[in-house]
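Dropping the structure in here first, questions after.
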Amino acid sequence: MRHDGRRADELRPVRIERGFTEYAEGSVLVSFGRTRVLCTASVEESVPPFLKGTGQGWVTAEYGMLPRATHTRTPREAAKGKQGGRTLEIQRLIGRSLRAVVDLAALGERQVVLDCDVLQADGGTRTAAITGAWVALADACDALVARGVLEASPVRDQVAAVSVGLVEGEVLLDLDYAEDSSCDTDMNVVMTGAGGFVELQGTAEHGAFDRGALEALLALAEKGIGELLAAQRESRA
Amino acid sequence: MRHDGRRADELRPVRIERGFTEYAEGSVLVSFGRTRVLCTASVEESVPPFLKGTGQGWVTAEYGMLPRATHTRTPREAAKGKQGGRTLEIQRLIGRSLRAVVDLAALGERQVVLDCDVLQADGGTRTAAITGAWVALADACDALVARGVLEASPVRDQVAAVSVGLVEGEVLLDLDYAEDSSCDTDMNVVMTGAGGFVELQGTAEHGAFDRGALEALLALAEKGIGELLAAQRESRA
Amino acid sequence: MRHDGRRADELRPVRIERGFTEYAEGSVLVSFGRTRVLCTASVEESVPPFLKGTGQGWVTAEYGMLPRATHTRTPREAAKGKQGGRTLEIQRLIGRSLRAVVDLAALGERQVVLDCDVLQADGGTRTAAITGAWVALADACDALVARGVLEASPVRDQVAAVSVGLVEGEVLLDLDYAEDSSCDTDMNVVMTGAGGFVELQGTAEHGAFDRGALEALLALAEKGIGELLAAQRESRA
Amino acid sequence: MRHDGRRADELRPVRIERGFTEYAEGSVLVSFGRTRVLCTASVEESVPPFLKGTGQGWVTAEYGMLPRATHTRTPREAAKGKQGGRTLEIQRLIGRSLRAVVDLAALGERQVVLDCDVLQADGGTRTAAITGAWVALADACDALVARGVLEASPVRDQVAAVSVGLVEGEVLLDLDYAEDSSCDTDMNVVMTGAGGFVELQGTAEHGAFDRGALEALLALAEKGIGELLAAQRESRA
Amino acid sequence: MRHDGRRADELRPVRIERGFTEYAEGSVLVSFGRTRVLCTASVEESVPPFLKGTGQGWVTAEYGMLPRATHTRTPREAAKGKQGGRTLEIQRLIGRSLRAVVDLAALGERQVVLDCDVLQADGGTRTAAITGAWVALADACDALVARGVLEASPVRDQVAAVSVGLVEGEVLLDLDYAEDSSCDTDMNVVMTGAGGFVELQGTAEHGAFDRGALEALLALAEKGIGELLAAQRESRA
Amino acid sequence: MRHDGRRADELRPVRIERGFTEYAEGSVLVSFGRTRVLCTASVEESVPPFLKGTGQGWVTAEYGMLPRATHTRTPREAAKGKQGGRTLEIQRLIGRSLRAVVDLAALGERQVVLDCDVLQADGGTRTAAITGAWVALADACDALVARGVLEASPVRDQVAAVSVGLVEGEVLLDLDYAEDSSCDTDMNVVMTGAGGFVELQGTAEHGAFDRGALEALLALAEKGIGELLAAQRESRA
């Protein structure tokens, strides 16, 4: 039994609220328990310089955290004048994860920007962001189809993410902040609807982990991601 | 009749949702129609250098806008590496407005930071921010009293704000984005519960305005602020 | 009687020295007592991106303060690597004030940049800057006419500014630094030659102010601005 | 047979040159084929703020790339005024990897900074950096013992890293730049001398990878890291 | 005969106007022809970190150019967010030149900051700045003596600077902008009242210069600096 | 006899190692004793904006120092977010020195960037950089000829640099860090193969120096540069 009453292999309550804001082509407030991330998808009729004239599109992400998303206030990155390493690392991860399931040629020479802003942070913000951003992205692509810009959505598959960890020898699914802070190994897993791995990032916070632990962590992640993929489908049904 | 069906002297629907997030000492999601601003109050047991050792406290504000709060995406200030002039101007205004009703000596040598982050922008974000931030601030100060840190709240009065404007010769209350973009004169008015002016910022976007227009604008602002002060009281009842 | 011997409704000695430097299309050293601001107008044959191809021109301003313009040295903004909020706020105000009296279409697709650099600061730097910058702008536009670039000056009216304030219940015109530091309410008023308001920025530094005080402040500002407009005309006679 | 004549499970020639520069407490030029990284370890008698007074030490890393380390010149980060996301991500990875094998309490309240500067980049710069930095770190800690500052080295185990990847269905060890650019899946693996995983970062560049591929990649990484650990030991023999 | 009617060995009209602004401990407007630099000396009762506790003082300089000091407008460094290489180079030169004639131990643990801001630039801004800044510095030190802070001025000698150059084979003193732009070799010379060299910076803009040219340039510089030293003494008489 | 056993007029051992890295068009590791600088020349088929369309080329330089090139670690400029004044000053000097011997019209509308990165610093890094960068530049230009891009090398002459200094009344050639730190006067001299001066930068660190000392310093510099020019020729033989 975990400190919040969950079983080891249990996700926190997942909530995917579409249309949370009105202007973005896709807008999703995703919650993994207390972690709440607003994911908006913005379609722009331009691409980064390295794609100009190629006919190919791009999907990218930016990540931010409101200063008081956290237990104690974190200084605002805009006021500090730069984004931290953690922020850059996470937004690169979100972008790569989404691009893995989009046919960029089919998107055409335009860009979809996913802004993932954490309103409240209780662990797992990056995995919630990927899971929610996919829904926003899919909605934005559907809107392009509905407006007649594209014939079919360039989104080829779902993608979702979850964290798993080793806490005092036990394998846990979807760590909250308290568990994340005390775990020995922490792994973020990103998988497609078809069951393939897109990203795997495991870190031994204390000591190291072995092949057996890795197997157990991956099995748990697969279970969790299966449920998240279902939640994504349900939200768009 | 205005484009959204309001009378000239009518506010947009006002909603003040306390406790929108869980960690901040005060957390309010305020809506003026489609404009939605998350205001959190964070208590910090330290003060800016110029107040160290004076026994006096401080109240300050930071303002931000999520990239897709707007109709088309606005670049993220953290990614650009600096806050724009408009952002700095607004956060200075919010801070001054709130300090006007707080007894800083009674607050003691600590600081309350109000983070006002715009989730959706449809005009009037600064006035919504001031109105919502006051509730978050009052809640945070009550929490200090409840925790026994202070004997009484240092908040001496309410403060709220509204915009008024001249659009094609007509005086309108609480402009939305479309009205704000086309108005001739735009004025932001900040008033206390006791009915005094704290800030008055009027700008003639095209041409100039005269004393008569000013009188009409101020009368309308007083009416609107009266209703906002009532909404603040109701939300905390 | 004020600390420097002025009456309550008396401006400090105003001096408008045209041609203070030789290269700018307009160059004015304006003094409001000890406050001295060098205002230069530079004509550039380009416009900001949002105006490209529209045939319309632009007027903008930048503001700076020499490090030892003040009683104690202020760190140089160029060395700190950014302009402060106060600087940005003031330069936005100057730009808006001047644009209010210029026919931007008649200016043609070119830009006039007003650089307002404070050589000595004793309160009222922004109002002196607006008052002096108008003269530099008018001179620069006259130069465009003299050079045959424009048929007539696009400057449609004068614009000038003054501060007024409430100090211990008394209404004072054109506050110097000492008065500004101790005042209860401080208001900057920008008016056209035709007597209309362009900007009104009132701030209650302690407490709030009422309609009666506002009336008195505006009346005093009108008087002061009348004298400044006369000084502008005289300087260009 | 790979384009440079290597077998699929073959490392590039590894060279670990200690004492490449003279001032640092540890200084290693590590080469993985054409990839060459200068790793210096600097001992500083201070710690980051969050460790002050705890008696505990810290190990951290910074990563940089000379502008012409690459095939075409990359702009200098110091000239651009900020470190990119890739740089920050890599230096965070190096720091975490090294801390995993150091007893920070035994290090005492001091810091070892590992500077990993890439003189030439042909793929695998981060894995070469970790592998070389460990030798520099171990040398620096030995120097602290030799100088009598510490009784024993706080370095508890070795740590080394290698990349593995899937290129056209084949599993390859230690990718060079050409292989890395064309691979489907790329994984960086960090392991201790005792055979545990410290970091695992796998990315599917195109599509996704499955459990079988993961097993094969990990097996290959273990083989390669075994050889790198041997090279480390040999270099310090 | 030069384009402005000067002989080859003739300075432009030199004017040293003390007390140009009122708050600084020393304030000098120096003119070398059309080049005009405002030099203020600010005494601060603190020193840079590397001098704390040593009992020794410091003299440093900052340099800036108003945007329209030049023939065409130069972007404001504060707006660009950094000082350029030329600015940093010049302010380092000014600081070193002044420190050469100050007894830093006798100054005591305080700092004098010389702000040299160019109001109008027509070549030779750095040499005018050094020449004017010495007067401001000497005045500020005299003020410390007058206030009883120091028993005697720590300024041990005068220091002044001039440029010399080779233009079409001719050796010219005190180049203006037009001459500076077309010269083959340009040399800035800083000398003390006692006739020693403090700084010598010669640059061949096209080709190279030989020993003979160097001799001629130095002789001319000595002559010019003699006159500048006299102008400094006169201004303080 | 100097502290490292050299005679007053003796250079440290000079080593010029061409082809130190493989990708750059020119790549030289130059050593002046313990000072070691990696100089790479990169050819880019573009020029700075001010040269676009002129048919003329450009040669520029960037300078950097690895954090632990020095006796104690120096903070990384990329991490601090800006290049210091010393860095900018040195890279401007290197660029000017090299341009003095290149026929920019003959180079054609392309740019050669010299990156001079200090791997180890023991005084004289800028003079070593100039001396080594010339070899890298000459190699890169030869490569352009070999590739048939240019008919002949636009490099018209050699250029090399050395420092000389006055230490306790004695004139010394090629100061190392210890000598540089304790010298009274320090001069960097840049000369062409034909024996002309390109740059002369002399600084009196304590007091001033006279004509006699200058003569002695220049004579010594000429001798040293003669040897460096020979070493350059030899390295390219």
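A, B, C, D, E and F label the chains in the order they appear, each numbered from 1.
Simple rule for what comes next: a contact is a pair of C-beta atoms (placed from the backbone, for glycine too) under 8 Å apart; a residue touches a chain by one contact, two chains touch by 3 or more.
Since the structure is predicted, the reported quantities are computational estimates derived from the model, not experimental observations.
Number of steps on the shortest path from subunit D to subunit E, with steps defined by chain touch: 2. With each centre defined as the average position of its C-alpha atoms, the distance from subunit A to subunit F rounds to 50 Å. With centres set at the average Cα position, the gap from subunit C to subunit E is 33 Å. Subunit D has its Cα centroid 28 Å from the Cα centroid of subunit A. A separation of 58 Å divides the Cα centre of subunit B from that of subunit F.
Taken residue by residue, subunit D touches two or more other chains at 81-82, whereas all remaining positions touch fewer.
Going from subunit E to subunit F and on round the loop of contacts, you meet the chains as E, F, D, A, B, C.
On subunit E, the positions that touch subunit F within their shared complex are 82, 84-86, 88-89, 91-92, 96, 100, 187, 191-192, 194-204, 206-211, 214, 218. Those residues of subunit B that touch subunit A in the complex are listed here as 21-24, 27, 34, 36, 38, 40, 42, 44, 62, 64, 66-73, 76-79, 81-83, 87, 113, 115, 117, 119-120.
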